[in-house]
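The following pair of complexes shares a single chain, subunit A, combined with subunit B in the former and subunit C in the latter.
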Partner chain A sequence: MMDIDDLLQEVSAHAVPQETRDLQELTRCWVAERAAPELLEWPEELMGRVLERIRRQIDIIEEATGSMDASTNFKLIIIQTELERFKFLVRSFLRARLKKIDAHPHHILSLLPAQPSLLSGTEHAYLTNHQALLANHYHASFLSQFPVPLQKLDDTTGGVSMVERPDENAAVFVRALREVEEVFVEGTERRFRMARGDVWVVRWRAVKGLVRAGMVEVI
Partner chain B sequence: MALPLPPGLTPAEVAFFCEMELVTIIPRQRLDALELLGGTLAPMLPPHKANVPLWLALLLKRQRRANIAPPPWLSPHALTAILDHETENEDTFSPPPRLPPAPSANALAFSPPFLPENTLDAGMDALPYHWMELGEMLLEAAADDFEDPESVRKLLRGLREVRLAKMRRGTEMLDAAGGVRMNGVGGMEIAEGRAFITGVIDNLRKLSATVEEKRMERGDRDTRSPGTADYDYEDDEMETQFTS
Partner chain C sequence: MYGEVGNKLVHHAKRTQALTNLPAYQTELVRAVTREVRDLDKDVAAILEPFAGTFNPSTEPATACALLVNHLCMRRNKRCLLAYHRTRTDKLEEMCWNGVDVLERQHDQHPGGRSHAEGQSSGSAADGSSSSLSPEEEEYVRQYSDLLAAYKGQWTDIDLTGSLEPPKDLFIDVRVLKDAGEIQTEYGAITLTKNSQFFVRQGDVERLIAQGYLQRLS
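Let's look at the complex of A and B:
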């Protein structure tokens, strides 16, 4: 059963407009993508809404420019300033993802069957086309001279994998958004509780599931 | 096109992030409601106060269209009390502002800069997440809206030094297990300390990696059925390498 506080809060959470909630989510995704060692899931629905709004706002600005009225001009300055801030956010977010895609292309390709929503449509096209071009180029310039068993780019035989992976144990700064009963750091005896609002420096591997579940955020 | 930056936000990006904090302004001119990407901006009617994001407050301030009301914690009185607390407690940062009630199970949880930690009705007994950058930006752009900007500036500098010393001392606590609690740390302080702190933890971890692997193997053996051939094989190989 819900008590009155829960009800009030439910109401106030819904009172926050979707646009503001999206901004909170977008900045959270941006900071996480910038700080986490691994590529995170592509926020399809969120990005759809944000990009659509940006497109509409650009149309509005284009229609309104040319007006000589001083007060309209000032409004346009505000709208444009905000638009530039959003464009920066989106661009920085996409470029942070691109950096990871470029750094670990084979690793990400190997994850895709299990996690199809890891990449956006354009990111997927970029990754596969880029890798196809590279593979062709390597083959034409030197790989074809090698014996066939040595031509693979993602060889894992002999106990050493050619596929470079991100360091999942890298330390990250996180903040608990909800109460977390127990965090267990694999390989050590470390177990601890996170209270809401707590800031911890901890291995990415120990918290990545919690980040995906929205229990903690990367800061 | 890929971003050529190390992990984490740069100081300039932390400032950009901080500009999303809500602050209270006293508009000097009317401004109609505006549909912005981050939500509708309510109409401004002087002399009624309004809460707007810092970037907009700074824009209005620079054009002399509004005054900014500094948040309660950014006053000499409040900062002195916080500085005392910071000096008395050598090992921890002063606690962060009180949190709003916990969000229900599937509601979005808000966190700084989207909590009202810097508006006129915010608390005055704690430093918010973006304290340092927000204080600097307000003092730079709106010093004339402070009663006593010089003391505020001096107190902020004092806080920064006390806390920086704590950060340095705190590095002794960093260990390979990599679970260090840092409640109350600020956004800009993380940006400054990230490379060092995560570097120390990551390198200590690599030093003790073999111990950990052994422990994990042991754990694996306990849970698995006996006779996990691949692991035993690797162990044997290691031994022959060492003895030969």
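Let's look at the complex of A and C:
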């Protein structure tokens, strides 16, 4: 359901230039990725635009350096400062993702068939290569001398699964971007509604669908 | 006792987490745990042999219990070994990310420890180095560095291993702690001689700060 506020927001969103919206989007992705216990979708288009713009700014800086003109130099410093901030955002974002990729590799691999856009191409390559290296290392160090039925690395028999999963019950802070009729927390009897702008502390499991749909944001 | 050696490995792993340097690889313990697993596996085979594939747990509860204990011990040992190795590789990966040349440092660190290490691990001929890494781990570090370099190569504009602190100032004051030679910046070349001080762009010198050549002044 859309109310007048949503409509107003949509209208004003078009007045904001694409660059500004991308920065907001990138910041939002960065915050969400750092706060959410689970790996989120790879924002392919957004990253493409951001990286393209970073490259352009670097070109501008390279062309204009060496100029002795004071006002150009001042402009350059502003561009460079902005560039450093952008680079930091992207770097921190990528590192946060890599950390999760390294923590739950098998789990993420098992999700990939259903969610092919979870990882970027390079991340996927990193994940598979890294796991191959690790498996090799375990094998060379001790696993090759084990009885064959015990050599698996993703064994789920014997009561203890070897595949580590992210903690979906971890609590996250979220803010509602739109009115959410009902949130149901699985395993409890809690049901509640979120008005727009409300901030809640909820289990990740209960709101992850809403985060994906853009109804709430992680803060 | 079942699993006692595995427990020692876990203690080692736990201790490693709190250390900045990697302690020596426990070749003997790893081998002992692996041997225990193989022995247990042989025991299981020996227990099952008279039944010739027709073992029924409900008619022989005592034997079934023995088998279960053996199986659980094997799995537990495997977990201990995996945890031990994973803790160490995590540490090594962290060093790779921080730009520490692990292999070089290992060889620098124990110049006199060579004969000592050889005496301890008399069994393996390949372990001639003085390093606290196993040969497999050295290989792993080499391969992981390559992997990391390849991944970083996709993001040359970003410098993935750069600082994870939000940038505040574009330029910073640094003092040179060790002679680092000449570096190229957008504002020309700077020669970094010991004890001199510079006002430079943070992005240009981040690496050198991480490697200990420069100190940031606040």
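To be clear about the criterion, the second predicted complex is superposed on the first by the 207 of 219 C-alpha atoms of A that agree within 3 Å, B and C clash if a C-alpha of one lies under 4 Å from a C-alpha of the other, contacts with A are read in each partner's own complex, and residues count from 1 in each chain.
One rule holds for everything that comes next: a contact is a pair of C-beta atoms (placed from the backbone, for glycine too) under 8 Å apart; a residue touches a chain by one contact, two chains touch by 3 or more.
No experiment lies behind these values; they were computed from the predicted model shown.
Contacts of A:88 after superposition: both subunit B and subunit C are touched.
Residue contacts after overlaying the shared chain place A:171 against subunit B, while subunit C stays out of touching range. In the superposed model, A:130 makes contact with subunit C only, not with subunit B. By the touch criterion defined above, A:203 lies against subunit B but remains apart from subunit C after alignment on the C-alpha atoms of chain A.
In the overlay built on the shared chain, the residue A:54 is in contact with subunit B and with subunit C. Residue overlap on subunit A between its contacts with subunit B in one complex and with subunit C in the other: 54, 77, 81, 85, 88, 92, 95, 102. Against subunit A, the residues of subunit B that register as touching in their complex are 1-5, 7-9, 13, 16-17, 19-20, 31-32, 34, 36-41, 55-56, 59, 63, 96, 99, 101-104, 107-111, 113-114, 174, 176-185, 187, 190, 194, 197-198, 201-202, 205, 212-213, 215-216.
On the side of subunit C, the complex with subunit A involves touching residues 30, 33-34, 37-38, 41, 71-72, 74-75, 78-79, 81-82, 85-86, 89, 93, 134, 136-137, 139-140, 143-144, 147, 151, 154-155, 157-160, 162-164, 166-167, 170, 186-187, 201-203.
The touching residues of subunit A, counted against subunit C in their complex, run 51, 54-55, 58, 61-62, 65, 77, 80-81, 84-85, 87-88, 90-92, 94-95, 102, 122, 125-126, 129-130, 133-134, 136-138, 140-143, 145-147, 150, 153, 158, 160. The touching residues of subunit A, when paired with subunit B in their complex, are 5-6, 9-10, 13, 16-17, 19-21, 23-25, 27-28, 31, 34-37, 50, 53-54, 57, 74-75, 77-79, 81-83, 85-86, 88, 92, 95-96, 98-99, 101-102, 167, 169-173, 175, 177-179, 183, 185-190, 192, 196-203, 206, 214, 217, 219.
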